[in-house]
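One structure is given below, represented as structure tokens, and several questions about it will come after.
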Amino acid sequence: MHITMQGIYKAFGTNQVLTGVDFELKEGEVHALMGENGAGKSTMMNVLTGLHSLDQGQIFVDGKETYFKNPKEAEQAGITFIHQELNIWPEMSVLDNMFIGKEPKKAFGLVDSAKMKRLAEEQFKRLDVSLPFDKEAGSCSVGEQQMIEIAKALMTKAKVIIMDEPTAALTEREIQKLFEVIASLKKEGVSIVYISHRMEEIFAICDRITVMRDGKTVDTKPIPETSFEVVVRKMVGRELKDRFPKRNSKPGEIVLEVKNLTGKAFRDVSFSVCSGEIVGVSGLMGAGRTEIMRGIFGLDSIESGDVILNGEKVTIKNANQAVNHGIGFITEDRKDEGLVLDFSIKDNIALPSLYSFAPKGIIKEKDEKEFVDMLIKRLTVKTESAETRVGDLSGGNQQKVVIAKWIGIGPKVLILDEPTRGVDVGAKREIYQLMNELTDRGVAIIMVSSELPEVLGMSDRILVVHEGKIAGELPKETATQENIMTLATGGQ
Amino acid sequence: MRKFLALFLTLSLVVLSACSMEPPAWAKPDQGDKKIADLKIGLSVSTLNNPFFVSLKDGVVKEAEAKGIEVKVVDAQDDSAKQINDVEDLIQQGVDVLLINPTDSAAISTAVQSANSIGIPVITLDRSADKGEVEALVASDNVKGGEMAAEYIVEQLGEGALVAELEGVPGASATRERGTGFHNVADEKLNVVAKQAANFDRTEGLTVMENIIQANPDIKAVFAHNDEMALGAIEAINSSGRDIMVIGFDGNDDALKAIEAGQLEATVAQQPDLIGQLAVQAGLDAAQGKKVEENIPAPLKLVTIEE
Amino acid sequence: MKANSEVLQEKKGNLLQSVTQKLGPFLGLLILVIFVSVMNPSFLEPLNILNLLRQVSINALIAFGMTFVILTGGIDLSVGAILALSSALTAGMIVSGIDPMLAILIGALLGAIFGAVNGLLITKGKMAPFIATLATMTLFRGLTLVYTEGNPITGLGDNILFQLFGRGYFLGIPVPAVTMIVTFIVLYILLHKTPFGRQTYAIGGNEKAALISGIKVPRVKVLIYSLSGFLAALAGAILTSRLNSAQPTAGESYELDAIAAVVLGGTSLSGGKGRIFGTMIGVLIIGVLNNGLNLLGVSSFYQQVVKGIVIIIAVLLDRKKSA
């Protein structure tokens, strides 16, 4: 299938999102689409698949002018969109999720579950996924849910597949599998639009790249004819010096130490973090990294083991105690666990430190506002006012609000779980810079991340978790992608 | 400490002196003199989900229309709190006399008192009020009704017949009065061999009657303090296969159907429309400053298959 | 590039929207008041306004508590039953010779304890609020009937303070209305000016995020259901004084009136959004409807029809606004 989009304009109310985009997708190519958050990538694809109508411009499919009325029509024509926000029905089984709205029927309109299983089995084998079909989708990890979505898309016999940040929640191994699948799809003549923030991936698998900025296409080039730096420069419209700002690490005393911590999803975990240090925690999805952090923070119960804070043994049974001990937790799912989306920026930031503004029971709004404004400025949250609803901010700005909220409690230890997921390059760098500032002031940071370059670029020390245990500890100097992956997959 | 106590006491006194049980003078409505044709009647009914009270309301409305007087009707839906609000709203509309059919005798007291404080005469219908000044209570003459039932049995079966009595909720005024009336006659002319409470309930009427038949197989008639119990008793009698005459009280729809079907011998029917009618007459007299009887009995009617 | 005037226009639009959003219920009340007073001028007479304030006070107290509960995303169906049970217990205490004011205080505290039972079932027992309070509603209702044996408790004596509590006037304003206004002010400050209030909203907005932010979610919830029970019992005390007796069936379906008032006031049943001022307006709308329709001589059957329609219209308008 060959698609051409010409001079596409689209506005939401007075907000002009697309201002004359051109895009071409050839048959059997993997075409990367890059741009900062809000550049219009997803909107352009939604216009193509008929979710949004266009204001101006033309779309040609195989040379014929074609406009889809809705995504269903596009899907029937062979264009499938795997969205970044997963369309998972959490109470339904994995199998039912894969066939929602297109269940194969047998006599009397009954669902043909044998056929469903056979079809699903085929795709799972192809993707090397081993998930029980009757598992509740809501209890699958985000990565597993992503794989379900991908398997679902493969079943539609699509000629064009649009993937929006497909690897954001996947482990290295799952990513490799996905890439293999993409390569074989390409051989079959399927075209793929690959939207991602991850440079390494794009340069590894894509044939061409289109860079967008402020609702326009800036450039389209074959991958061999461009480079990492050029793409970044075109994307942000300015030079970005280094991806990772320089760290001056001077680790001090041990602040947090865990000894033989054992919980439902992990056992015998021991490690420590010093003040001013960033400890990276790597491992495959589902290895138990998040669960260890939730255990330390008191969200999940701990079966045995000790948490030692500043040399004293402490019991943390709930998040309130953790916060009172000066521990902050930036969770991997900011919309579900990090933010009250309907709250203003101010109310979100002030949430964990409310009592410090209310020495006599009544919140002193002036103090609160000054404090919040200071943090907004320090974290360069882009907003007109502190009263803006957090749900209206971009992903990167939302993440900054979550971080601001925890900086507000004056933490001694900060746990960051996937701190830059779904955040654009510019904001990423700002977040890294912030981590450096915090460690300069003596905060101990534990950073859980699935992005290996991030772990390597920012950590002073790297812990690798494999099947609920610490498989190894690597100092910054000797750590490489290879030796991390070896530990993460159970090698020695 | 003593100073604080003194302060506290003074404060409480000041606060208390600012309190009163009467609405402030500036808020009281004007009560001018009015002609009789201009009088307005307010009726507060306990519920309109019961045919008895619907007829009672119709009685009031019909009588008032006949006299060319306006009536405002409010329905408390069996909620005593709502009834107090309703009465206040009626007072607000400037009614000259209040006819109240209370949901509960104790709960209505405050509403009667508010009417008293503004000088609006109150007539209660069917049930009385515990407190406050009520000009008159219009209610069925339950004592007379009990007597009528006993006399009917004597008429039909002759003196000395063996009879049973199904009583209502012990202590309730209807139970007391209907029982008294019945015994006024029955103690002399009949032989009451069984007397048990079935709490005005149809199911209990059934089980209690079964027991009575078991113990006294020879009874010839039974008097129930209401129709519900009478209808329960009929079931018990039918399954025992005996021929026992049943007489109920109230005259509700089910009972009248049972009489038509030849199952129920008779019922002492209340006449709610008549209660309404009498209440309007008493109310108008009271509004004109005439003296009215404190207890106005509404006559009852014995309904048999002939009627 | 957007023209400046366009931006200005947009801002004006937003302002207008936020004004209608905040004042929507208030405008509704105003229209209703104007309509009723044109149809029957006696509506605006001072005595009627005082009556109205007294009439709404009971529903107001219950609806204030319900506002907190609904803001956390919960519901409390047991308030009517708590009202009846605490009213019966209070009356029982008074009859047995305990000082009436002390009895009212103990009764209100008992109400708080009944509410805490709800809170514990929901937090520790992990029950859905609807189910938990449906169960306790039945339970408390049953206990009331057991305690009163189905009969009203009367003979509450003639203690003047007790009578003032439900029927008296303070500086010309009905005491229940004074109680309502004082409670409103206290709760307004609690909801909008204290950490507790902010946490209430946060729990309704995103309970997981609230928990991770260190908020003691279970504790806040238990306190809120206790508050709801306490206010229901306080409303019960007013009712006991007004009726000069405790009725075993008191407060039947009061929970629905309270929920209606909260919803009319613009609070979202899914939690996190709404204001107690809106609830006050919602309570007044229902009160004006009850009082006004009586004054207009509308039959009680039609009154229910009208109330139902008003709720539907209010919620539809609310949807439209937020869309």
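Per-chain residue numbering starts at 1, and chain names A, B and C are given in the order in which the chains are listed.
Keep this in mind: contacts are C-beta pairs under 8 Å (C-beta built on N, C-alpha and C of every residue); 3 or more make two chains touch, one makes a residue touch a chain.
Nothing here was measured: the structure is a model prediction, and the numbers come from that model.
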_Comparison of B-C and A-C by number of C-beta pairs in contact, larger one_ = B-C
_Centre to centre, using CA atoms, which chain is the farthest one from chain B?_
A
*When you take the mean of every protein CA atom shown, which chain's own CA mean is nearest to it?*
C
*Distance-wise, how many Å sit between the C-alpha centres of chain A and chain B, to the nearest whole number?*
74
*asked:* I'd like to verify one number: the distance from the centre of chain B to the centre of chain C, where each centre is the average of its C-alpha atoms, in whole angstrom.
replied: 34
*Intercentroid distance (Cα basis), chain C paired with chain A, Å*: 43
_Going by the contact rule set out above, which residues of chain B touch chain C in the complex?_
15, 18-24, 26-29, 48, 72-75, 77-81, 84-86, 88-94, 104, 106-107, 109-110, 113, 130-131
*Note which residues of chain A are touching chain C in the complex, please.*
14, 16, 297, 299, 318-320, 322-324, 329, 331, 336-343, 347, 350-352, 354-355, 357-358, 361-363, 405, 409
*asked:* Which stretch or stretches of chain C touch chain A in the complex?
replied: 2, 6, 10, 189, 193-195, 198-199, 201-202, 205-206, 208-216, 272-273
*Which part of chain C faces chain B closely enough to touch in the complex?*
40, 42, 45-48, 50-51, 54-55, 58, 152, 154, 160, 163-164, 166-172, 175, 239, 242-245, 247, 249-250, 252, 290-291, 294-295, 297, 299-301
